[in-house]
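I've put the structures underneath this note.
Below, chain A partners chain B and then partners chain C, in two separate complexes.
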Partner chain A sequence: MGEDYKSMWMELGLDLDGHDALLNVLAQAYNDIFLSQKDRPETMSYFDFVMSEVHGLRIRELLEEKKTGRKIIGSYCVFVPEEIALAANATLIGLCSGADFATDEVEKLLPRNTCALIKSSFGFKLGKVCPYLESADMIVGENTCDGKKKSYESFKSLVDNLYIMDLPQVKSEQGRELLKNEYFRFKKAVEELTGVTITADSLKDAIRTVNAKRAAVHRLSLLRRHDPAPISGLDALLANQIFFYDNPARFTQSVNAICEELEKRVQKKDGAFPAKTVRILLSGCPQAVPNWKLPAIVEQSGAVIVGEESCVGERGCRNLTDDSGNSVDEMMEAIIDRYFKIDCAIFTPNGERIDHIKEMSKTYRADGVIHYGLQFCQPYLMEAIPVERALEKESIPCLRIETDYSMEDAGQLTTRVEAFIEQLR
Partner chain B sequence: MNFAGIDIGSRSIELVVVDEDEQIVSALQADTGFDPITEAEKLTEQCDFDRIMATGYGRNLFEISFDAPTVTEIKAHALGAKTLFPEAGAILDIGGQDTKAISLFANGKIRKFEMNDRCAAGTGKFLEIMAGALGFTIDEFGRQALLAEKELSISSMCTVFAESEVTSLIAGGENRHEIALGLHASVMRRAASMISRVCPEGAIVFTGGVAKNPCMITLLEEKLGQKLLVPDDPQLVGALGAALLSKGK
Partner chain C sequence: MGEDYKSMWMELGLDLDGHDALLNVLAQAYNDIFLSQKDRPETMSYFDFVMSEVHGLRIRELLEEKKTGRKIIGSYCVFVPEEIALAANATLIGLCSGADFATDEVEKLLPRNTCALIKSSFGFKLGKVCPYLESADMIVGENTCDGKKKSYESFKSLVDNLYIMDLPQVKSEQGRELLKNEYFRFKKAVEELTGVTITADSLKDAIRTVNAKRAAVHRLSLLRRHDPAPISGLDALLANQIFFYDNPARFTQSVNAICEELEKRVQKKDGAFPAKTVRILLSGCPQAVPNWKLPAIVEQSGAVIVGEESCVGERGCRNLTDDSGNSVDEMMEAIIDRYFKIDCAIFTPNGERIDHIKEMSKTYRADGVIHYGLQFCQPYLMEAIPVERALEKESIPCLRIETDYSMEDAGQLTTRVEAFIEQLR
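And now, the complex of A and B:
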């Protein structure tokens, strides 16, 4: 990224040295992990470009939007409805996480045994290296796991624009009522932020925009059921990650372009890996950029990841929102219905998630499931055991992995992943 | 033709060569040291073979230097153990840095496995450091522990914490044989729980360097309620498995 962004980053209050260091690591990892892959689809070049400009051109675009009076809302969770932000003339973006940063500073505010995802989001703030966070007019925190909801209490002292969204933990009538109240409260807060009142037309447009984006990602996912898989799991994960940063319409168009190329590949039986390669479904915690460690180990060990049962993946974009309503209230109900189906591990009980993992294993013809849990992430780590048991009952082998963003376990992780792949061959 | 398997572990390197009839014709061992490739090279020069396959931590390094195929220690141990003991239903391998528990289908294929992640607590390295803290050599540690009349409970499995716990027990005038038994028991409980989690059926083969420790065998047999199958050279099982795989078994 050129010199011309320096002044922009300075104005945002970033720490230039730290930020340079971060970008260097990111570029190196991207080069080693993504660009070194063989037989990548040509249309992936768009995502390569987006990643190379993830803190550059995209931030400039957002700042241009802000100049025209548009507001930027940052979020950490798929429960924050993008439709509502868009309908009120705001842009929703995912905030930085996925790498260890400024850990010493973070551990002054959070216990050491906090999950890497939470620590990372604090690290990006304390280290002043996330231009998305610094561009946001409103930051939405959400009461998901105990770690996140309690950490937002501390996060509040670091930013002056934190909005907290409560979330239900049981899929009952009362749970839905809670979500409904929260989404209407969020709608009001967004309207106050932007000064724009959401109308039936603007909401319908927003629903269609987000549906198109989700449908495109889903179209991409479904192409992966073919053998040979036409795209690597790493490249598909990248699309799922960029989902949270990019301009929605442009993203949709670009994903559809990839799908068109992949459809041709499928017809010609061209794959990112040879036919009969061991197929893995990755299930569990979300993987924000640049958390590519486990998928890279899996694919460098000779298997292909054919699906992500994750918030950054199918859990986050499986369902579309019904856009047939004619009033704001009707469409708000449809939005609530759509989001209430997300089978996050904060819900209890959460049998739907196990059903979805089994269903995805069949749809994408996975030979085995790797369950990915971030260390100290109780909800997903606790669900890992029942998930493994349920899969064993169906004779689907499962490997449970518990890790973080560091590289200290890379050796052991590689051995376990390789042994799992040997077991599936 | 002869077929070799080399197991480059964190503490030692083993090289096993088998002939067409799967009989062991050579078996060599060396310390890994800090230059495993040179050590591996020295071993390979001492015997004749036509093909070689590598396993263990150093397998990828060996693959680059010798252009040899590789296999994980999990698969290598499974095949090695199943060949030595056809009745094997599971394998417990406690090596220098890793503990692995593997269960098998009747046909010998891997059903399920577990392995410690990141920390080497409860492995050979842990026992080695504790033996040193108590002034025993690693070879006599197990025999000395068996001389204890009762077990002193050790609460920490972290090597550094356990070492300071041992230091304070010694300072408190406790019997070092009893401390030694307590340390063995804590490693045993961890290993027994790992092997139980892979749901073993039938006989359990105990491999790796720690399988040479008589106290560990006794404690595990008591806890698991069955006799363990222990090869004469438990450290060679991974290399044997790799040699057999190299033959195409």
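And now, the complex of A and C:
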């Protein structure tokens, strides 16, 4: 990224040396993992550009928005409804949590046995290397897992604009009621932040904008069911990751452009990998930028990832919101219905996630499932065992991986992944 | 325990060899840890007897109760209201979870990185060594931490009478509403189980019975504020542990008998340890029978434990229920109020726990606090850090311990505990 962003980063209070180090690692990883791929769709060049400007141009855009009075809301979870932010003239962005940073400082505030994602969110704040976090007028934490829920209590001392959203643990009538109350409370908080009252028109527009974004990603996903897969899992994951950062309308347009290219590829039977390549469904914990370790290992081991059953993937995108309501309340109900369907492992029981993994395996014609669990992520690690058992019953091989963000286990992971792929050939 | 229980254990489906092995370990540990103590109150002999018959006479009593049609309800958590069970003519008992058992089998169902308490509850079932569990007509699981919440999904396949109670995560109006709905749903389920409708009279009686039990334990606790402490922490912990197993009325009477003896001791300045012994408050995760490792290390290192800020301790016992209501609904509200005060680390935020630890430190005149966190127990391990910081501000030294049920770290723990005690002298 160009020299000219330095003053912007300084004004945001970033630690320039640390931030430079992070960007260098990111650029190197992107080069090694993404740019080295063969037969990429040409339209991926947009995302290459986005990534090369992830802390530059996009931040400048957000700061320009802020100058016009628009508010920026940062979030760590797909339960925070973008529709409500957009309808109140705010921008919602996903916050950085895909790399280890300032770990020594983090472990003064969090137990060592905390998952890498949570540690990362603390590290990016403590290390002052996340321009998104520093641009945010409001940061939303949510009571999902114990780790996040309890860590926000300490995070509150690091930021002065943390808003906590409670979430249900059970999909009961009462659970939906809790979500409803929390979404209405969030709507009010966002309206207070922006000074903009959400109207039926603005909410309908917002729902349509987000639906279009999700529909585009879903269109991309469905193209991956073909053999040969027209796009690598890494590139598709990248689109799912940028979903959380980019301007929604531009993102939608760019993903649709990729889809058009992929449709032609499918007709010509051009693939990112040869036909008959072993096909893997990745399922489990979210993979935030630049957490590309496991998918890189899978695809460098000669398999292609054909789907992500993850928050950064189909779990976050699959359901659209009914936009037919005429009043704010009707559309709020539709939003609640849509988000209440998310089959996150924080819910108990969560059988629909297992059904969905089986369904995705069929839709995307996966030869096997790799369950990706972040170390110390109790909800997903616990659910991985019944997931594996359910897949076994359907004769779908499953490999359970438990890892973190360090590269220490890369060799061992490669060996296990290669053996799994070999078994699927 | 006598030979004559064998047929009872066989009828309950216990694995006799495994059960014998467990009882032998238990008896040996009890001998080494409890009976070897000097200057014990004579009235502790009742609890020695209870422990010697913990899987014998008490189980026979429960089976006798069952013969008369009374139902047994097993629970793993202090959020399950004993008042409701008693009022419907059922007996509530705490279920075994204080020792490692059948770990290899457990780790087929649960991730290795699961806390020892949860693993133990699975191990006792898989190893068929818990007569309480096998006697229970209903087993109540609760959505407290992620570990328990998600593990019950697998536990359901091991037992056929698991009832799940949802719990709030926030002490909001809505959180209380959730607890209220859940307690009324539990009341209905218990009434269905027993065929007994709870009346104002039966509920008042039940509240009084449980209040008396809690008041007796609290009376015992308060006697420990004296120097010399009239009873060891181990013996007091034992009373808190047996709280969950024994017949309530007999337990109350027995604890009050201990209190009478201790009152005399206080007058005579007789202590379980000499005056001026370093005084420790233990705070954190629950310690179920036979999880005596840390308190044994503390007291064998020459300090006396003067309080347990724990579910098996003051967190579980401290608040009584208002029994002045005239209707079932009024008393149910009082029960909800009472349980909603429990300052478990599953709540966010949970500042009242920190206040309570500070208050207990003063009341019991502790020289320092040892925070006991079970490995992989995210709520308590995360909260331990702000607890330590808050105590530091009050100049109360705090030692954070993270351990499990194995004896592998006993040497290392002893070294750390001894150094901490030395610092307090």
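Just so we're on the same page, the second predicted complex is superposed on the first by the 425 of 425 C-alpha atoms of A that agree within 3 Å, B and C clash if a C-alpha of one lies under 4 Å from a C-alpha of the other, contacts with A are read in each partner's own complex, and residues count from 1 in each chain.
What we mean here is this: contacts are C-beta pairs under 8 Å (C-beta built on N, C-alpha and C of every residue); 3 or more make two chains touch, one makes a residue touch a chain.
Note that the structure is a prediction, hence the values are computed from the model and not measured.
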item	value
When both partners are placed on the shared chain, which of chain B and chain C touches more of chain A	C
Partner chain(s) touched by A:Ala419 [first = chain B, second = chain C, both, neither]	first
Contacts of A:Lys150 with chain B and chain C, given as first, second, both or neither	second
Contacts of A:Val25 with chain B and chain C, given as first, second, both or neither	neither
First (chain B), second (chain C), both or neither touched by A:Glu402	both
Chain B versus chain C as contact partner of A:Gly411, first or second or both or neither	first
Partner chain(s) touched by A:Met10 [first = chain B, second = chain C, both, neither]	neither
Chain B versus chain C as contact partner of A:Asp166, first or second or both or neither	second
Footprint overlap on chain A, comparing chain B with chain C	402
List of chain B residues in touch with chain A within their complex	57, 71-75, 98, 109-110, 112-113, 115-118
Residues of chain C defined as touching chain A within the complex	108-111, 113-114, 143, 145-147, 149-154, 164, 166-167, 169-170, 172, 174-175, 177-178, 181, 345-346, 348-350, 373, 375-376, 378-379, 381-386, 402
Contacting residues of chain A [partner chain B, same complex]	397, 401-403, 408-409, 411-413, 415-416, 418-419, 422-423
